[in-house]
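You will see subunit A twice below: alongside subunit B first, and alongside subunit C after that.
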Partner chain A sequence: MTVVGERRPAGPVTSKATERVGDGRAAVRYLLPAGVLLLAVLAYPLYQLVQISLYDYNQPQASGAAPLRFLGLDNYGELLGDPQFWSVLLATVVFAAVCVAGSLLVGTALAVVASRARPIPRAMLFLAALGAWATPAMAGSYVWLFLFDADLGLVNEVLSGLGFTGMEGHSWMYQRYSAFAVVALEIIWCSFPFVMVTMYAGIKGIPAEVIDAAQLDGASWRRIATQIILPMLRPLIVIATIQSIIWDFKVFTQIYVMTNGGGVAGRNLVLNVYAYQKAFAGEEYGMGAAIGVVMTALLLMITVLYLRAQQKAGWSA
Partner chain B sequence: MKSRISDAICVIAAILVAVPLYWMVLSALKPEGEIRSDSPRPWTLEPTLDAFRRVLDVEGFGRYFLNSAMVALLVVGGSIVLSFLSAVALTRFAFKGRTVLLVMLLVAQMVPVEALTIPLFFLVQSVGEVAPAFGLNQLAPLVLVNLAFSLPFAIWMLRGFVAAVPRELDEAATLDGASRFQYVWRVLFPLVAPGLVATSVLSFIHSWNDFLFAKTLIYSSTDNRTLPQALLVFYQPDEQDWGAIMAGSTLMTIPVLIFFVLVQRHLVSGLAGAVKG
Partner chain C sequence: MKRAALLALVGALAIGCAPPQASHDQPQGAGEKTGELQVWLFAEPNDEPKEKVVAEAKKEFEAAHDGVTVKVEYLPVDGRANRFNGAFNDSNSSPDVAEFGNTDLAGYVASNGFADLTDELAKWPEAKDLVPSVLDTAKVDGKVYGIPWFTGTRALFYRTDVFDELDLEPPTTLPEVAEVARAIRKAKPTMYGIATGGKSLYSALPYVWAYGGDIAEQKDGKWTATLTAPEAKEGLERYAELISDDICPPSACAQMTGSDAVAAFAAGKAGMVIGGDFNLPAIDAGAVKGKYKVVPLPGTETGSIAPPFAGGNLIGVFRASKKYGLAVEFAKLLAGKKYQQKMYDAMGTLPTFGDVQSKLVASDKSLEPFVASVKAGTKFVPATPAWTKIDAQGILPTAIQQIATGEQSVDEATKAAAAEMNKAFGG
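This part shows the complex of A and B:
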């Protein structure tokens, strides 16, 4: 779900140079297997999600013990009237914003630094970043939990060794904000490499003459960075931002694993985990589906922005 | 424009980024007593495979590893065939509605598939009443779900690789009297192979990392669990066996790391291509 592999085709994709007899029918045959699968597993469930959200659909209804009752938009009404929904939505937005800002800042800054470093230090950085990128969310979550463990963790050990003796046995995951912060650190750790690699490729794509000329004219490094490199990277930054928003808005595994299902009394919930808990722990499938629909709508709005940005950058379909 | 400061920042950043990974492997190798020590040391003088043994023997990790591998390999196989066919149709055949399909493909990548757990749970449940092998607690629906959700991006990415094959080859093959089938499988397929490697590795990672759908669709069968769920079982609220958890995490990370190293050249070159365009 990234733009990572998007390649600029050699020729215009829309060219009809080799139109053959029966292309239309062949296309149907070639697209049929993928089409059937996507209709069955993606499109139909999406339709069902909306459907379920309009019903009073709890465990008795799911097991067939009670008849389904059509509620119309009642689930949505109840959801919007629930203060917990608004607090989860706010937490999701702020949390995603912190993760997005963090991975963009770290990724872009390190890309700039890497472009100025010698090959060996640069290779070290890329290798470490590749490792962080490749670590499965599940494994990464546990490693960071262990690092921040109250008694056995490395972080408290280092902090108390540095003189912060109050940090000995400090429980990071117990408080709402510090728990969110640790999860955010894990997410930034595994998502900045995507930004870094993207931006590094972008910087390498800037013709060396442009920067050489600016240097000859006596421009300081800071001016070159802010007035030449950043503006030229703008389209890439837009794409990477929106891509990160889409990822971080939908975080599930890290929150679920690291805060043990959304924290004490659900204070570390984000929308995705909230929907899941409502549906599968609370057995309120209709309400869970309604949250899912709200989330889909929000993400589709971001998608429209994404498509616009891609069109502006000139490499859309 | 090379500078010492940049070198130093690179090295420091590399170390900081690598610490969690180092700590994971180190803790997996530490003897149990050192793990439980209140003052952890950044090295161990007595590395042991005990934690790995605990994971593999006692908890049946091997079985879950095989389940995960089987699901991931089937997803990769399906993804190669389906994404290749679709990418060929979308780049090489002229037909009505192609642009619409391309936009739908992009939108499909944005759907928060996590929200679909609820309808999919019931869908798989009712399918299972007719075809038990595709019901809940079975691996087959997991394969289909992971395949479907990694497909839009795989097709999207592969489209670029297919489009990069010169069109003159199409014409030459036609002149030589090759049928469409021969052209697609004998000429295009081998030429697109590097792209297929890249996309199938990403499909592998997608499936290997999946936690949510495995958890939802295989909710009660202990035999058919996959790796992420197996790790969750180790994690007990009060008495964590951190050595085993780190060993399990290491085992889970290694295959992905191998595949990532294999594909990273394609990732970077694909990006460079996108940027230059």
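This part shows the complex of A and C:
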């Protein structure tokens, strides 16, 4: 069965060709305002990003003290030939994957809990989740940093109180993986509420009759969960996943704030922070723009691939 | 076909139109004579006294110029690059006067950021008393782009009470600094033997210089990194040795900046620190007031002094300022003898006028170790626009961190850093 219903209006029967033309025109009219807005706020900056990435564009060039030099694809060549770029890319992909999986798992699990909880605990759960969601990334990062502070943090206090005395004064943000882990926790904490709310709405939107019918047919709960509820939630899962991938792939604030600009000797860099360090700290705006273009291309690719995979699996938007 | 045409169009757009460039030339004439004069100064730890001095200058200037208000904004030193570059790129949002570090001078001038003040200084009677070596740090290719406001010199601070208790003598050589620091940390495990960090660049450079190395050299107008020379490597290695579990543990110190280190010392958490004369008020406001002494940072042999970094800040006028005449007047007032003396009284910063300086040193004992360090010969970072970039990219701190954490050997870390530096030099 299809969840997203057939939306075609049940109007008078016309020939298919004229219907298509009429649909097309209507669609253009509907999309025009959004299109103009997108052109202004998306296409133009993107165009400039690509353009700057083709030049030797550093601080003296930006402030007009040195002539511009067209480089063609040299910035890209240099970027792809830089081993640091590849290690940062790998770190970004793994880090984003962990964050996406984490927020999806936590969000979905809590959505299930919420759909089964009584009103008051449910309200409390939502309040806590929305609180996390509403916290500005900067404030959230500092709160988590403080929780994991080596000398004054609650985490070390509790751990050493529980008998893990070795944790006293332990610096969480020093080692590469533990720093990444703490940042990932913070990101999961602030991004699971979106997944939870989406999934909760999805679960609540499943008609009771469908479940009843499955139960009458003798389906087990596991079967209902995996073969009825999950497929019906699929469009929402796709949206939540793509959103999370895009958010977590281009995470900036948390890494920048919590690892102090990319960790000791840059070992906690992710692509976005790397681009910032190149573009603004290093004043190589051309190179920074090139990284931005590569990131955009990668994200578009991931999104397209994911949508394709979903389409093949039987869901069409 | 359609796709090819689209591609061609995009290609033509990308190549045909160039990215935006700001344009502004050296201001002609005095410009606007009334309105708001915007001034950027650096925010320092405990800078209330500085704000008071500046407020006085503002009042005096406003009283002397009808219809002029002075608006002062305090910028954090760490985020300065973004603010200054933003001002250079958009001449409409540019302030008029700014304080900036002498290490940034070459980069700012290469970005067309500051106005050439050579002629203004020639007409200004006070200018002839500026210490020539200090004035040199305000010059690029013989032209002056800022009025030296104060100089900053670093020396070794140590805790007299801790040294007495542990029966230690102040170190007389750099290897002894490490030994003494280790002894302090051993006796007092909650204290850093010496607070110093991976990002405290101006504490690390004297090590490189003391061991006879340097970070770069200029030959025929072209700069090349010299980090891979054995002297420079030894200096960096000796410095990185301080960032170890038995002196200043890397988990806390690898990311420490110079100000962090001074803050730790001021809070009583460290036995020693390499701090500046400009840090004296902040340290005196902390827990260790009256419990410390200062000596010049020793060199490799007893009796020698490690060359300190010739730090200092300048007051310059933005090239894009629309109130050039007023801006120069305010710069001369704030960086003139009267307010340099007031800044010294308030912040302890060393004036840049020879006559004011010698008067102070005669009366103020706390400046002696700093003056002795300066007399032993100061050194400077490469005076090239590339330095701003090398500094902002944290190339040297990264190398120090890599060595200190054992992530890379000295050879690997210095080789990579030298390659990055040479890239910045345009090699």
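As a working rule, the second predicted complex is superposed on the first by the 247 of 317 C-alpha atoms of A that agree within 3 Å, B and C clash if a C-alpha of one lies under 4 Å from a C-alpha of the other, contacts with A are read in each partner's own complex, and residues count from 1 in each chain.
As a working rule, a residue touches a chain if its C-beta (ideal position, glycine included) is under 8 Å from a C-beta of that chain, and two chains touch if they have at least 3 such contacts.
This is a predicted model, so every value here is computed, not measured.
Q: Identify the partner contact of A:W133: answer first if only subunit B is touched, second if only subunit C is, both if each is, neither if none is.
A: first
Q: Where does A:Q311 make contact in the superposed view: on subunit B (first), on subunit C (second), on both, or on neither?
A: A:Q311 sits against neither subunit B nor subunit C.
Q: Who wins on subunit A residues touched, subunit B or subunit C?
A: If we count touched residues of subunit A for both partners, the winner is B.
Q: For A:D149, is the partner it touches subunit B (first), subunit C (second), both, or none of the two (neither)?
A: The first partner, subunit B, only.
Q: Check the residue A:S220 against both partner chains and state whether it touches subunit B (first), subunit C (second), both, or neither.
A: Neither partner.
Q: So in the superposed three-chain picture, is A:N260 touching just subunit B, just subunit C, both, or none of them (first/second/both/neither)?
A: Both: A:N260 reaches subunit B and subunit C.
Q: Of the two partner chains, subunit B (first) and subunit C (second), which one does A:Q59 touch, if any: first, second, both, or neither?
A: second
Q: Do any residues of subunit A touch both subunit B and subunit C, and if so, which are they?
A: In subunit A, positions 48, 51-52, 62, 260, 280 sit in both the subunit B and subunit C interfaces.
Q: Touching subunit C in the complex: which residues of subunit A?
A: 47-48, 50-52, 54-55, 57-66, 68, 70, 150, 171, 174, 260, 264-267, 277, 280-284
Q: Which residues, counting only subunit B, touch subunit A once they are in their complex?
A: Against subunit A, subunit B makes touches at 1-3, 6-11, 13-15, 17-21, 23-24, 27, 35-40, 42, 81-83, 85-86, 88-96, 98-99, 101-103, 105-123, 144-145, 147-149, 151-153, 155-157, 159-161, 163-164, 166-167, 170-171, 174, 180, 198-199, 202, 205, 208-209, 211-212, 216, 227-228, 231-232, 235, 237, 242, 245-246, 248-250, 252-253, 256-257, 259-261, 264, 266-268, 270-277.
Q: Could you please specify the touching residues of subunit A with respect to subunit B in the complex?
A: The touching residues are 1-11, 13-20, 22-24, 26-28, 30-31, 33-35, 37-38, 40-42, 44-46, 48-49, 51-52, 62, 110, 113-114, 116-118, 121-122, 124-125, 127-140, 142-144, 146-147, 149, 151-154, 157, 189, 197-198, 201-202, 204-205, 211, 215, 236, 246, 249-250, 252-253, 256-257, 260, 272, 275-276, 279-280, 285, 288-289, 291-293, 295-296, 299-300, 302-303, 306-307, 314-315, 317.
Q: For the complex, give me every residue of subunit C touching subunit A.
A: Residues of subunit C touching subunit A: 13-15, 17-24, 81-82, 85, 88-89, 107, 110-113, 198, 250-252, 254-255, 385, 388-389, 392-394, 398, 401-402, 405, 407.
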